[in-house]
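Below you'll find the structures, each written out as structure tokens.
Below, chain A partners chain B and then partners chain C, in two separate complexes.
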Partner chain A sequence: MRPLVLPPRLAAAVSLLGPAVAVLVGGFVLVLAISDDPLLAYKDLLFANFYSVANFALFVNRTTPLLFIGLSVILSFRAGVFNVGGEGQLYLGAIAATAAGLACARAPQPLGLIAAAAAGAVVGAIYGFIPGQLKVKLGVNEVVSTLMLNFVAMLLTQYLVTHPLRDPTAYGAVSFMLAPSVWLPEIPCLPGATDGALIALALAPLVWLALYRTTWGADLRAAGANPRFAEAVGIDADRRVLEAMALSGAVAGLAGALYVLGIGHRFEQNFSPGFGLIGLTVALLARLNPFGAILTAAFYALVLNGAAYMQIDTDVPRSLVGLLTGFLVLFMTARGRAAAAPA
Partner chain B sequence: MSGRATAAAGALLALRGVSKRFGDKQALSGVDLDVRGGEVHVVCGENGAGKSTLMHIIGGILQPDAGELLIDDVAVKFADPVAASRAGVGMVHQHFRLVASMTVAENLYLNRQPKRFGLFSDRAAMRRGAADLIAGYGFDLEPDAVVGGLSVGQRQRVEILKALGFDARILILDEPTAVLTPGEVGQLLDVVRDLRAKGRAILFITHKLKEALEISDRVTVLRHGRRISTLPTAELSERAIAIDMVGREMSPAKREAQPQGEAGVAPALEARHVVATDARGRRLLDDVSFAIRPGEILGVAGVDGNGQTELSEAAAGLRTIQAGAFAMAGRDVTRLDVRARRRLGLGFIPEDRLDRGVSADMSVAENVSVGAYARRRLANGAGLVSVAARDAYAAEKIREFDVRGAKPSTPIGALSGGNIQKVVIARELDLRPVALVVAQPTRGLDVGAAEFVHRQILSAAERGCGVLLISSELTEIFALSDRIAVMFQGCLVGTLERAAATEEAVGLMMGAGTRAA
Partner chain C sequence: MEIAQFLNSALVQTSPLLLCALATLVTSRANMLNVAVEGMALTAAFAAIAVGQTTGSSAMALTGALAASTGMALLFGGVAIGLGADFIVAGLGLNILADGGTLFLLEEVYQDPGGLRPDHFPDLWRVPDGALSFLPVIGGALERQSAITLAALVAVPVMALFLYRTPLGYALRAVGEDEAAAAANGVRAARVKMLSVLLSGVLSGLAGAQLAMDRLHFFLPAMTSGRGFIGLAAALFGAAEPWPTAGAAFVFGLFGALGDRLQAFQAPSEFVLMAPYVAALLALTVARWRAVRRARAAPVSEGGR
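For the complex of A and B:
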């Protein structure tokens, strides 16, 4: 039996789109089985994001943190570090930006905003640097340390938002509202959508450039792909790992900061529906390609928001999306058994 | 197709016109082969000649596109390895397929465990059967030993027993000696002779010519997927096989006698009383000293595992040493890291290409350019890589070093071992090394690639580079070295001028660790 041979670019496209199509078709069969109005349910899931400008703005806002975290994960994974601390870095970046934004309420127009965003990035960078240093100096497994540090970050922010930063006039554990002078503006022609989306979109090619078109990136990927090789050709692999972790933390911290400054305008205790974990899937589904992450982040945002509309209009629960994304991961990670040609 | 085939009636296994294609690569075209009972039939060929594909077809792992297989003159088709093994074909792969955490008996009975009440495995029966099988072939194996704790040679014998099972008449050994120490090779060849005496047909894949001549009754040579010749071993010489394999006359690289360097020049690479220990304090390098003049090649022979790996890593700066010193061109480099040593001109060709030599997932261009971005102006001052310059540089190296089947963008892991090694050598020689540390440079390479590698090492020495050549292949050591030292249990025991050294004397030192009288 001759295997079907596709030209490489087409094969790559099929390997990316094929699973998505398979999941959507499979999902439709599921919806067909449980819903009285399967067509409306599926129409909502896929297209409700584009029904109105407001819906589209919400879709953009949902994509933004996912793309940031996806890029953050790509930076660390390319250096061979399995950084699963995105959630913690995100929370610390958000709380740092909140504190800085509150402190800079009277600063001149763009300065307060820049200071708050920078505070988020710096705190995130430090929080990424810690597990990096633990790994390089003491050989601590980064999966364990980043996972544990997530709890530390979340509990710390929980304390801060329920005590010193809490807005006593508001209901629930939320911080004081930020002064509009430090808010990140909206996209001019798209009311309700944050400028953070544009920053994230601009960051993707920058990350690609740094990884694939600089000697720094070449060394970093060599250290990530084969540390013993990197050592033998004189690459300072430890240093690259630390830099990658700090950068990765900075990007995740920035995600939290820009969420607060552009979308929430205050720190809410449970503002993240697991952006850290979803961002990890975004990066892995994109096969750690920064441009691919734009697509996968958008796809996730699309179905996450679409599911909410679907639940409102029809009898299909939004948890269907959990099922669909689970299948998607399964299909993407499964590969056809290639007919290996032995030497 | 050459008419030199000697077809024989009554062959146990026969192949007629077997062809196989992978994508646009014709791996085998119209190959005929006969194997008789009680015969050791060696199949030789360069890497990529189609040896493994042919064996995988016989073993049922691959199915031919055309042609047929006959066992006892009856045409057979194997859908999978299980069908092949039922028909009496057993295969020992180059890379072992054993479960390390299970015992020898469990591995032997994998997938065919005797059952008690059709449910529980009957461990007693299994152990008994395994013990009988082992005793039948006189192997030194314990049925209850865990495979993970066995030596490579012992694991191979488990594989052989597994392949023979209880009724295999045709045994395929795919490059069985590649992973063995010289002593283990001897034992393996004894096992093969014993199986031949028991009337089994043995297909033995190798590209080591000496072994082919030593063990075989007939030799078939493949080149580019075609059978070139099948001849009785008695009519063959190493040279004749090599010509058939490569398709041209070989001219093995040979070091000419060198004039003695003048005194007073600092050695290119020097070790002084170097000691390295493992975590438990055992001495891996025990007071190792040598001095290599510029343009000189010092060969270090020895059985694997006597400290050669550690010596190469310590010299390259990859292993901290507990005492002693390294110097390059008169400058103490003991405290310098890899990067600094490379900047002073220390090239390193590691023993395991895929481990330390290259990053397999990255492209040829990225692998060959590592460390050369600044030197060769492949990137600007800000570190922004010029892809055009990098790929042009890689293309130039690919041409210069004859890296076959490679474009700058090819992932290097997709190349054959010989071509990967050429990329490593291209990168290291581009440093214009003052000293070159070379470990097992031709391990796993075919004759053509090995010859190329040897020429590169010789020409580096001619340009004035001092070479530390560590190898467990004596022929290689003798062909290239000016002086020959032997490593034994972490010590350098005795250094001989090549003119004064014989393979026998060096072999004795390798085994006994004492200088032959």
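For the complex of A and C:
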């Protein structure tokens, strides 16, 4: 059997849309098979987010961390670093912002907020820099190092939130509540939705500009595509990789920080339903395009929240989304033929 | 007696980790970083309890567990090797699929997202009490251990023999060192890689079955809780060599037991539980550091990608 020959652009689109469409169709058939009211199930899944302003605000809040992590993944993958450490950077950014926010409770109005957000970004950047440095200097496989660092980060935040930062009056492992003076405000005309969404939306074109309209970005992508070639034409590839990893960590850390400052207002150990992994999915589905990530993050938030409404109204469990996500991620990078692994 | 008792409970803790570590090892040697052990083990744990509940036979439960994890491995290998998907992304996808799929089945088939707790569950074959009393210490450590724990212990030398004393083991390591060269020498690389993924599935399946069937006799969502990744850490720490990897798995198992103890005393257990991941990272770093110092250009990069 000979492989079909498609123009590269079209082939790229097909390789991505194929699995996504197949999974959606498969999901539809599955819902049809198990549900008494499949139409209501699908209606809830796709549209319940727009039934009320409150629902829409929750949708916006869900999109925000996904978009941040997606952009973070794009930055590192474009530099050729397979960074799966988003979850760890997110957790450390969140806990750093919590600690800083608690410490700056009496700072003048915007300063405490800025300090807390900056603390999250800086800690995330450091946590991204470590695997970058290990890869560049020693060639330590970044998949392994970021995976291991995720577990270290989550155990560290678990310690911090159950010991020094724990609010003993609250139930469960949660930190003290942040003072409202350091909260990130809501979007003015959309009660309940965090301003973090606007920051994430603004960040996407910035990432695109940095990657595609600056020499720095061109060098970074060259370093990612072919480090030896990049070095040969005089690009300091190692340096670009390190910068990309620090920046990627900073964006993921900021995601955690803004989640705490704008949505949670305190640190909870299990605040992330796997934002790191879903963010990776978001970035890959967007073919590592920052603008595309806006769409894929929104789509994923829509489905994640929609599944909750679907579970309330119908007999379809929300874990359907987990099941379908598994299939999607599993087949997402399949190319129909064995080929060399991507960077 | 005290030592035997301690070793006995340590073995119970260690055997799933040991099996997960071997499951990672066998694909590592074929130059594939397998992050899907967690998901395959979880599927097996679910299948073990589900099949054991309906059939009332521990042999059937174990068979079901192995069939489930091998099926997952087949899917994983088919997508990653057959369809050329990225190995890491597909592996992470398999974990999500295992998580979501088991939860979906719990909700859809058993109407209970909290878990699956059969009233009666068949016990595994165990070493009879007192059967090994003629052996000091070791006898006490092995008595009452399940058949799967014994299999885990036997799997270590078997893995060493397989990798270093059989043609297939040679082929597997050759593919891991340099796939193109191995293929040029007549090794069917794709088949060998698929076989190593399937072996990994069997070992993960034993790990999941041991976890669910040995003492607990129930299934909880995400009950593998990172054991697949501690196994990965052990394989990395042991440089994917059977005996050092087994040693690392045993030590990490002790850390886990120690962490549980500490938790009972309200002491922070998190730093003890962190140890496997930190140790694996340090071991990798030191190994790479020495390799970089020894030779400027290392021809084959370590770790799978």
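Convention: the second predicted complex is superposed on the first by the 299 of 343 C-alpha atoms of A that agree within 3 Å, B and C clash if a C-alpha of one lies under 4 Å from a C-alpha of the other, contacts with A are read in each partner's own complex, and residues count from 1 in each chain.
Simple rule for what comes next: a residue touches a chain if its C-beta (ideal position, glycine included) is under 8 Å from a C-beta of that chain, and two chains touch if they have at least 3 such contacts.
This is a predicted model, so every value here is computed, not measured.
In the superposition on chain A, A:V233 contacts chain B only, with no contact to chain C. Judged by the touch definition given at the top, the superposed model places A:A116 against neither chain B nor chain C. Contact with neither chain B nor chain C is seen for A:C104 once the two complexes are overlaid on the shared chain.
Legend: residue contacts after superposition of the two complexes on their common chain; A:V182 is shown touching neither chain B nor chain C. Touch criterion met: A:V321 reaches chain C, while chain B stays clear of it.
Of the two partner chains placed by superposition, A:A255 touches none, neither chain B nor chain C. Between chain B and chain C, the partner in contact with more residues of chain A is C.
After overlaying the two complexes on the shared chain, residue contacts for A:A225 are found with chain B alone; chain C is out of touch. On chain A, the surface patch touched by chain B in one complex and by chain C in the other comprises residues 339, 341-342.
Residues 5, 213-216, 218-219, 221-222, 225-226, 228-236, 339, 341-343 of chain A touch chain B in their complex.
Interface residues of chain A facing chain C in the complex, by the touch rule stated above, are 34, 82, 84, 134, 137-141, 143-145, 147-149, 151-152, 155-156, 158-159, 162-163, 274, 277, 280, 284, 317, 319-339, 341-342. Here chain B touches chain A in the complex through residues 22-23, 25, 27, 47-48, 52-53, 56, 62, 316, 318, 337-343, 348, 350, 355-362, 366, 369-371, 373-374, 379, 382-385, 387, 416, 427, going by the rule given at the top. In the complex of the two chains, the chain C residues touching chain A come out as 33, 35, 75-76, 79, 81-90, 92-101, 103-104, 106-108, 113, 190, 226, 229, 232-233, 236, 268, 270-271, 273-274, 277-278, 280-281, 284-285, 288-289, 291-292, 298, 301-305.
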